[in-house]
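Starting off with a structure, shown below.
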Amino acid sequence: MKYVIIGNGTSAVGAIEGIRSMDQKGEIILISKENCISYSKPQLYQMLDSDDLDKISYRDEEFYVKNNVSKILGRSLKSVDFNKKVLFLEKESIHYDKLLIATGAKANIPDLKGFSGEIYSFTNIAEANNLRKSLDNKNQIVILGGGLIGAKLSEYLVKMGKEVTLIVSSKGVLSSLGDEKISDILNKEILENGIKLLLSRKVVSAKKKDSKIEITLDDEKIMCDAIVSCKGVKPEISPFEKTELSIGRGIKVDDHMKTNIDDVYAAGDVAEIFNPLENKYLNIPILPNAFNGGYCAGINMSGGESKIDTIYPMNSLKIFDIQMITMGMLNPEKNDEVLTLLDSEKKIYKKLVIREGKLIGAALLGDVDRAGILNNIIRSNLDVESIKEDLLNNKINFYVLPRNVREDIIKSYTGEIK
Amino acid sequence: MKRRVMCNEDFCIGCRLCEVHCNVKHSKSGDIILAYKYEEEREPSRMAFEEKDYVCGSIVCMNCKDPLCVKACSMGAIEIKEGTVAIDDERCVGCWMCVMVCPFGAIKRGDKKAFKCDHCHDMETPVCVLNCPNKALVYEVD
Amino acid sequence: MSKIIPEFIVKKNEDKCINCKVCVRQCSEEVYKYFEDFDLIRIYDDKCVGCHRCDLMCPTDALTITKNNSQYKENSHWDNYTIKSIKKQAETGGMILTGSGNDKPYTSYWDRILLDASQVTNPAIDPIREPMELRTYLGKKSDKLSIKEENGEIFLETELSPQLKIETPIMFSAMSYGSISLNTCESLASAASKLGTFYNTGEGGLHKKLYKYGKNTIGQVASGRFGVHTDYLNACAAIEIKIGQGAKPGIGGHLPGEKVTVEISQTRMMPPGTDAISPAPHHDIYSIEDLKQLIALIKEATDYEKPVLVKIAAVHNSAAIASGIARAGADVIVIDGFRGGTGAAPSVIRDNTGIPIEVALAVIDQRLRDESIRNDVSIVAAGGIRSSADAVKAIALGADAVYIGTAALVAMGCTLCQKCYKGKCNWGLTTQDPVLTRRLNPAIGSQNLVNLVNSWSLEIKEIIGSMGINAIEALRGNRYRLRGIGLSDVESDILGIEHAGM
């Protein structure tokens, strides 16, 4: 059996582990256009300090040796013949028996009217290195987009002594989470830490002016030395655009991570997974989904049977002093029940969104300990009617759950109880 | 291989000695009085005693069969070593992705690193189990 | 001035205290309280009952509980206990309650009796090398057996009375579910079944969880008749009619409503939360004839398959009563001496009523022999048996077997603080508080009991072996192997033993 994985990111690593949990012998070939080790994208910010890739390594060399993976690095996939099961790289072609597409996502770069200069982005090692090298003689930086990467990058840059302006088209940072309170808290934190935050603004155009760049917003003009776009990512589907592969926003897969073509799987940021509950495909580009998707695909590719859990967004992040973990849907619908707790003094905010007695979303700011218990409640679709007040008001703790539920959880993760 | 510290809550007496002994075990000196009274830094206990109304019990990392933390760790810092889920201190960056997914709430946030029960890997039976005065804690290995 | 001088002083060695607050969490008497704002554990000595839960749990041995030396001025007539009692009563107007057994310094005859051993003329037996029989059968023994031979096979013609077979002459005495926790009952029940002996339900009925131990259960029928129904009678291996209890002869029982939990109410068949009151006498037994009727009734209800025991407190005319009980058809007489334990009793009764078991046992055995009805019944001695030596002495004085209660509780954790009646037992024994009952893990409790009885059994074998006896049966009533020390003529006479040197 010859497994070929396109990509060397999180989902590729997950797939290697998934395949090897079933099949220790089959040949695994990994192709990646980046000529480097697998690294942790959530830690990419550390590359702003130095070019020491090791400190953000995700899996070391030994991992590939141990799992007997042949790597073809620094080579891009150009196109595929799915009928003949052949992959075309720049020069060579490679046959596969089972294919996993794990090409991830690439930066969304807006078209700035009238601007011909470089717009930086920050989604992979090359972009990060490029930004770091350019930063030396640049002081005023404008960041476009108040999502996770935009907010985090602003923090890093301001800590490096740069003058940072963060331009956000919505009313606050991380507005995609759907919780105004969180955005408010973060807006405040960001402002307090010396970032110029421009909310509800649109960039109309930009142009080079001497050695500077002039950006025109709807109501003012600002000057800067560099523009970094953090306006999200989009699935990297370019090698497959003209094929029979079914693609929406990303590559469509079923709950076994299989595409519409036999023996072809996709996982991670490039994939969108069918969600039977909502009857639509979801592309949620986060690390746990990438690993889980890859792992699940790996098992299915190597003859096992694995079904991906319902996916939903979740993240753990820290912006300046605010540590937060969010998960699920935080933007309630009309009949949802919302419980919140706010302790401004201790900088604690908690929010639970409950739909028909089930927890569907939770946000923890300040105190994030044992967040996984809530996550499991969401994932396992548990009833929270009788415990919701406890979850909100007290320290989240395992013993808040009813005994039979606790026993079920223990059983499902660790096996029978004597 | 399964390694699991189970708490039989019917007999947990809420003394929290498991936490104390866990602390001592992971202290520099390994001596209870030195650890508590003379050592400057003492990390929180890995064993978590929790209670609600009349129910109480302790919970630590249960060494899941298919651990979510391993999959969620942004640094690949969590590995299964000899049946124990272990966090590599050197690589952990404190992103708390593991805290976000552990269904038992068993991973603790240290100063900058995550830490959790290591099942006292240099001992046959973890100290919490050895010192549980009512044998509510049971160590299962198979 | 309502304050009474505290009995104990609780000292915390600050050099050792690591502030883990085990003491705060463990003391159910609330001697320790933690004040977070001051990071201080405050100690209230006056609440301490001296149970030692805290210092035994303290991981650094930082605690010591000592007797408070500052007491009322010494006076051999008006001792501190008396002064304190008066003060308490002046304050409350109520009876002084207590738990556990009589702790007053009355003579303990066990400690005045010595055992014989073989030297030269009849050889001692080494129990490690030779078989030793501790198995005992309780019940009426037939005077003669007739045997029939048919087609070369031999049949027993005499119909035998039902017997209780015990592998060692030690059983666990009656402690009701209600006075003790379910975990404690379960420890006793499971230990009895592992040991091949019996435990006793007391007057609290049989919890459904414990039916599986029925083969090793003696079910009690007491004056309150709590939890007595056909299934109960049939589930138990024998039925004990409780007339009295050594710790409180002539006194009924009173389980306060707070202790009557839902589980207990179901087991006892009474409404939850109401006081469970056992009348002082059985109101259908005012005479030996009445007793005879109840015995007959129980036998009838259980198909004459189960032995019936009758338990009385050791009182002045026990011998005559015992004779009556034997004649009323009981299979076993249980005599409970004045050191016997209780979950709750007025101190004045516990400390002043009844007689020592040693004395009662001797006179009852003698009386039944004199009347030639000793073989119609077995005798079980209870109340303050502390060791295998006490048990052996009891058997030599005339008992078939002994019941242990307090010793069993001590094996499970009890430290004899005697505050059972408060329902806050720190060891989880005599309480129904769900936070406290957890403290006894039946797996541990039952193992401790098994260990205790096994070690006593070994010791008994060693003792009888040293006497040259290889079956415990042979020692029963063999007072010749006992000698008194420091006994008056009257005492020797009543006990039926000669003085050392004779």
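Labels for the chains are A, B and C, by order of writing; each one numbers its residues from 1.
Everything below uses one rule, namely that a contact is a pair of C-beta atoms (placed from the backbone, for glycine too) under 8 Å apart; a residue touches a chain by one contact, two chains touch by 3 or more.
Bear in mind the structure is a predicted one, so any value in this text is a computation, not a measurement.
Student: Measuring centre to centre with C-alpha atoms, which chain is farthest from subunit C?
Tutor: Farthest chain from subunit C, going by C-alpha centroids: A.
Student: More contacting C-beta pairs: B-C or A-B?
Tutor: Answer by contact count: A-B.
Student: Indicate, using Cα centroids, the chain positioned nearest the centre of all protein chains shown.
Tutor: That would be B.
Student: Can you give the whole-Å distance between the Cα centres of subunit A and subunit C?
Tutor: Subunit A and subunit C have C-alpha centres separated by 69 Å.
Student: Could you tell me the distance, in whole angstrom, between the mean C-alpha positions of subunit A and subunit B?
Tutor: Averaging C-alpha atoms per chain gives centres 29 Å apart.
Student: On a C-alpha centroid basis, what's the spacing between subunit B and subunit C, in Å?
Tutor: 44
Student: So in the complex, which bits of subunit A are touching subunit B?
Tutor: Spelled out, the residues of subunit A in touch with subunit B are 13-14, 40, 42-43, 56-59, 63, 287-288, 291-292, 295, 314-316, 323, 325, 327, 368-373, 375-376, 390, 394-400, 403, 409-410, 413-415, 417-418.
Student: Which residues of subunit B touch subunit A in the complex?
Tutor: Residue positions touching the partner: 2, 4, 6, 9, 48, 50-52, 55-57, 59, 62-66, 68, 71-72, 74-76, 93, 95-105, 107-109, 140.
Student: Could you list, by residue number, the parts of subunit B that touch subunit C in their complex?
Tutor: Going through subunit B, the ones touching subunit C are 8, 10-17, 19-21, 32-33, 36-37, 54, 131, 133-136.
Student: For the complex, which residues does subunit C have touching subunit B?
Tutor: Within the complex, subunit C contacts subunit B at residues 16, 18-22, 25-26, 57, 59-60, 428, 434-435, 438-441, 443-444.
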